[in-house]
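Scrolling down, you'll hit the structures one after another.
Paired with chain B in one complex and with chain C in the other, chain A is shared by the two complexes that follow.
Showing the complex of A and B:
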């Protein structure tokens, strides 16, 4: 570590004002603060200094996402080898998933960070760390068969139009990763929905090739429910075997790469709550809102498969758990007031189930629900603060 | 001729094309700019229709400007615009039926286009007919230019064609390229209009607010 510090110190003058790489100052600065805790402090006003800066916060979220990524890789391989009717063993299964998912992660990071670096150079500010998390989220919320160029286009669009034009990290109105997914969903619907994209049936870089077994169908459970003609619930794997509730919890079901396993997401949630990075109020209230709305549909809803789906299935299928833990709790786009977090999370849960049940065009409502509530988060905060001001005024006047 | 194109008339014509563009700077007429720009053909027809209507209604109002009672001037302006819109609409139905079907209600809605009322109120009511005519042409062309730029990108990226002719070769599609469906939806038109404004303002520093 000392050697690295010395090396960084040695090349530092080149990047200072007047040095030969002056233009690349922000790149250097980005790497230096990534490696070492910066020793610069704010000069004016009163500040509380804390070991947690935004880089450490972001890294905690990335760590919390690792279980979901690892499980997602394994599940990609698992679904693939099931589709071609082979039993490849644990490591080959994981290796296949690793090979399939890694390019998506790389594309997401290279494109997103590339834009961040360029913008930082143009504007002459430091490289902001927000994309560390966004770049990790994007691969987890897309189907494994999404073409890489689409991910590149969507990432570029989201980083420029959802983040940089608003002023960069911390200023965005919408969750950048979800904008990426929304762009993909509306621009290339055939690559983002249906029953062909969730399971990779071809080989990856020549590895794991094989013939798809007869009678194969790659629809996700929620996709099956949305297109189901009868009101009875029929969610099956690719060969027509019924999925149990435990399958949905462990995550051996088709879906976007990182969203399937509730257990892996729960490990991440535990880490986020333990370190205080995410708000337990938002998380809990998303689940509460989803449960309540699903119960209402169970008892009073129309007689369709989506409305009849028991509430505990709604919470474990699709992106509900993933969205609740990693998307709704995004500190930038969610409500900041404590009361606001309850309202914000609750409405996300409610809206997600409403979209799932009432609009068969959107099998999954979590993305749209969170984006919709992103818009309302500042309004919720405004009224929460306003109510507090009124309450205190009343108290002061009554005395 | 020198009287026809005096410095002021020239300014009246050229201003709306760039520094005073109705869409880019005044942000008027956005609704139709979002609605009709999915393809180049309707965008061009729309741009021409608006140009003709705004130019001639400017002339008519300018001729009448001293006889219109101030309290009912909006009604008089609307009658003139409505008459011209009806003429254009019937003309399109007769000679360019396909386009008029594509444009559907938006030709009729030119009546409510903010550019028209804006020009009539702000210019034709206080200027001579010839200058009003030039002003109408300038604003119409300014509007049409932005429409065509937006429609160019939307049709190219959304349908892979230009003016109905396929320009992206089949080989590119075979390689895995897909048309961007979002380009055909109005939200993307809004973002492209925003990009046009962005480029325009970064080129013209005097348009930027402090």
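Showing the complex of A and C:
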């Protein structure tokens, strides 16, 4: 450790003002604070500080996402080998998924962090950790067959226009990962919907090649429901076998890479709630809102497959659980008052189901529901804060 | 009579070692005392003495420009050694060569009960004791032209390693009572006493409304008491004063002198024998710390006050007027922690559950003056609320302050708060924002715009 410290101290002057690599100061600082807790001391105000910082907080979210990523990798391989009718065994299945997903992770991080580094240097800021989470979220919410260049373009768009123009980490109005997803969805609809993108049928880097089995269909359960002509619910795997509720919970279904397994997401949720990084109020109220709205549709809705889908299916299919746990709870774009969190989460749950059921154009409503509520979060907070203001004014009058 | 009890649930007790033992040592006065106008926030001093003048304890050294009757007096007797001025002739500090035995300026006094409010006000302004009071809004020395709706005294301090006022004052309750009697003449309302428990030695004080506050820090903060009992609305004024400073008022009315003798607790993890010292503000702290520090190889930070709200001073610094505590901690600049964001860091205290602080049930943790992270925009929500037991939304008030939005500041409670109320928020803040500095700056800004 001392050797490393000495090395850092030795090259540090080169990166400071007037040094050879002055232009890389932010990058150097980013790496230095990654290696060592910064030695900045307080000049005034509180002399001691809590050991928590934004690096540790963000890393905890990344850790919470790891189960969903690992399962997502496995499921990519699982769906692939099922489609080509092979049984490849556990490790080959995972290896295929790993090879397929890793490029997406790399593209997301390289593009996003690259932009962050440049902007930090231009503004003379420290490099901030927010993108560690965003860059990890993006691969988990896209279909595995999304072309990498699209992911690069969408990530760049989101980081620049949804984050940096607003002032960077902590200042954005919309969830950056969801803006990436929305950009892909609206800019390249043909590549992002339908039933071709969810399961990789080609080989990956020459690995896992084979012929797709006859009768294959790669539609997601929610896609099937949205396009279903009859009001009875038929959700099947690629060969027409009925999916059970447990399939949706364990996650062996087609979908975006990290969203399918409720179990993997639940492990992440447990970690986030245990450490207090995410708000249990938001999380719980998203599920409450979704449940209530789905029940309403079950009983009073139109006679369509989407409206008839039992409420507990709604909560485990598509991106509902993933959005509730990892997206709705993003503290920056969510309501910031405690009362507001209840309202915000509840309305996300409601809106997601409303979009799913009533809008035939969108099989999945979670992304749009969260982005929509991102807009309304400040308004919700405004009314909660206003109640406090009114109470204070009343106090002055009532004396 | 049992006092009303208010239970505080939000807050945080920071576990830190080095609490002062109930032992008092007398220390010599240093040869030179220093009075620093900077200790009195927001005043413009006009110096009344010349270098070489002889002064007594209680002789005015300077007064406030806009209220010439508001004196700031010498804590000791001796000869004015130097009046140090900085840029634009701003008075930096005044030093005094101290006499061996202190001579006191005599004030003609009556019992508070026989005095009128105007007489008491005039005497307190003249004797310099006025400057020991604080006014809300703005957390400044009270404007003598305004009358407070109430006066609040918290008789206990819940901040880390804070001095125990029960111990300090239990033998001086007569002076404390006289001080309270004088103060109660200055308000049309009540003097409120915040107590630690019903068994407090202060529960015998008469002529006050006593309220017990229980719970974690900041249960002892006077701002919390005001917010729960009689909050400050726009246009209203309340005053606050620390318990030791009430003694000075009592001594003035009982003996006719300004006797600023006080107990100061020397505390903190780097102190060898944490205990109390009898001294006078303006004394050099080297007299106090001499021989009382642990022998360590790393640099130390000396704080006049507690680790949350105190001021950084040097080891040859001078005791500030209201200071009842000196804290000594590791400066931390020599500490290099590798990959801190990933390590378990068992010796670090955190209010968050991202560390094992709560599970470990340890009594002591290692502290230094590092921020422990990089400064960020506000990211996490609800952090401040958990340690802010007032009917105020701290994050939104801070944002209004950063945005200099006067209407919002007023509406969200800026008139009720002092920087110290945000100390715990600053401690727990993931984004490491200088909240107390923001509040201090904003209160000054608000005052300049509104008054």
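A few points about this structure:
What we mean here is this: the second predicted complex is superposed on the first by the 384 of 399 C-alpha atoms of A that agree within 3 Å, B and C clash if a C-alpha of one lies under 4 Å from a C-alpha of the other, contacts with A are read in each partner's own complex, and residues count from 1 in each chain.
Everything below uses one rule, namely that contacts are C-beta pairs under 8 Å (C-beta built on N, C-alpha and C of every residue); 3 or more make two chains touch, one makes a residue touch a chain.
From a predicted model like this one, the values you see are computed outputs, not experimental measurements.
Partners chain B and chain C, once the complexes are superposed on chain A, both fit on it without clashing. Of the two partner chains, neither chain B nor chain C is touched by A:304.
Among chain B and chain C, the chain that touches a larger number of residues in chain A is C.
In the superposed pair of complexes, A:53 makes contact with chain C only, with no contact to chain B. In the superposed model, A:167 lies in contact with chain C only, and not with chain B. Of the two partner chains placed by the overlay, neither chain B nor chain C lies in contact with A:180.
When the two structures are aligned on the shared chain, A:261 is found in touch with neither chain B nor chain C.
With both structures placed on the common chain, the touch criterion links A:150 to chain B but leaves chain C unconnected.
In the superposition on chain A, A:228 makes contact with neither chain B nor chain C.
Of all Cα pairs spanning chain B and chain C in the superposition, the closest are 16 Å apart. Residues common to the contacts of chain A with chain B and with chain C across the two structures: none. Those residues of chain B that touch chain A in the shared complex are 176-178, 180-183, 185, 191.
Residues 147, 149-150, 153, 161, 183, 186-191 of chain A touch chain B in their complex. Contact residues of chain C toward chain A in the complex are 14, 16, 160, 231, 233-234, 236, 301, 303, 307-312, 327, 329, 331-333, 335-342, 345, 348-355, 367-382, 385, 391-393, 395-396, 411-413, 419, 423, 426-432, 434-437. Listed in rising order, the residues of chain A touching chain C in the complex are 1, 4-5, 33-57, 59-60, 126, 128, 130, 167-171, 274-277, 279, 331-332, 334-338, 381, 385, 388-389, 391-393, 395-396, 399.
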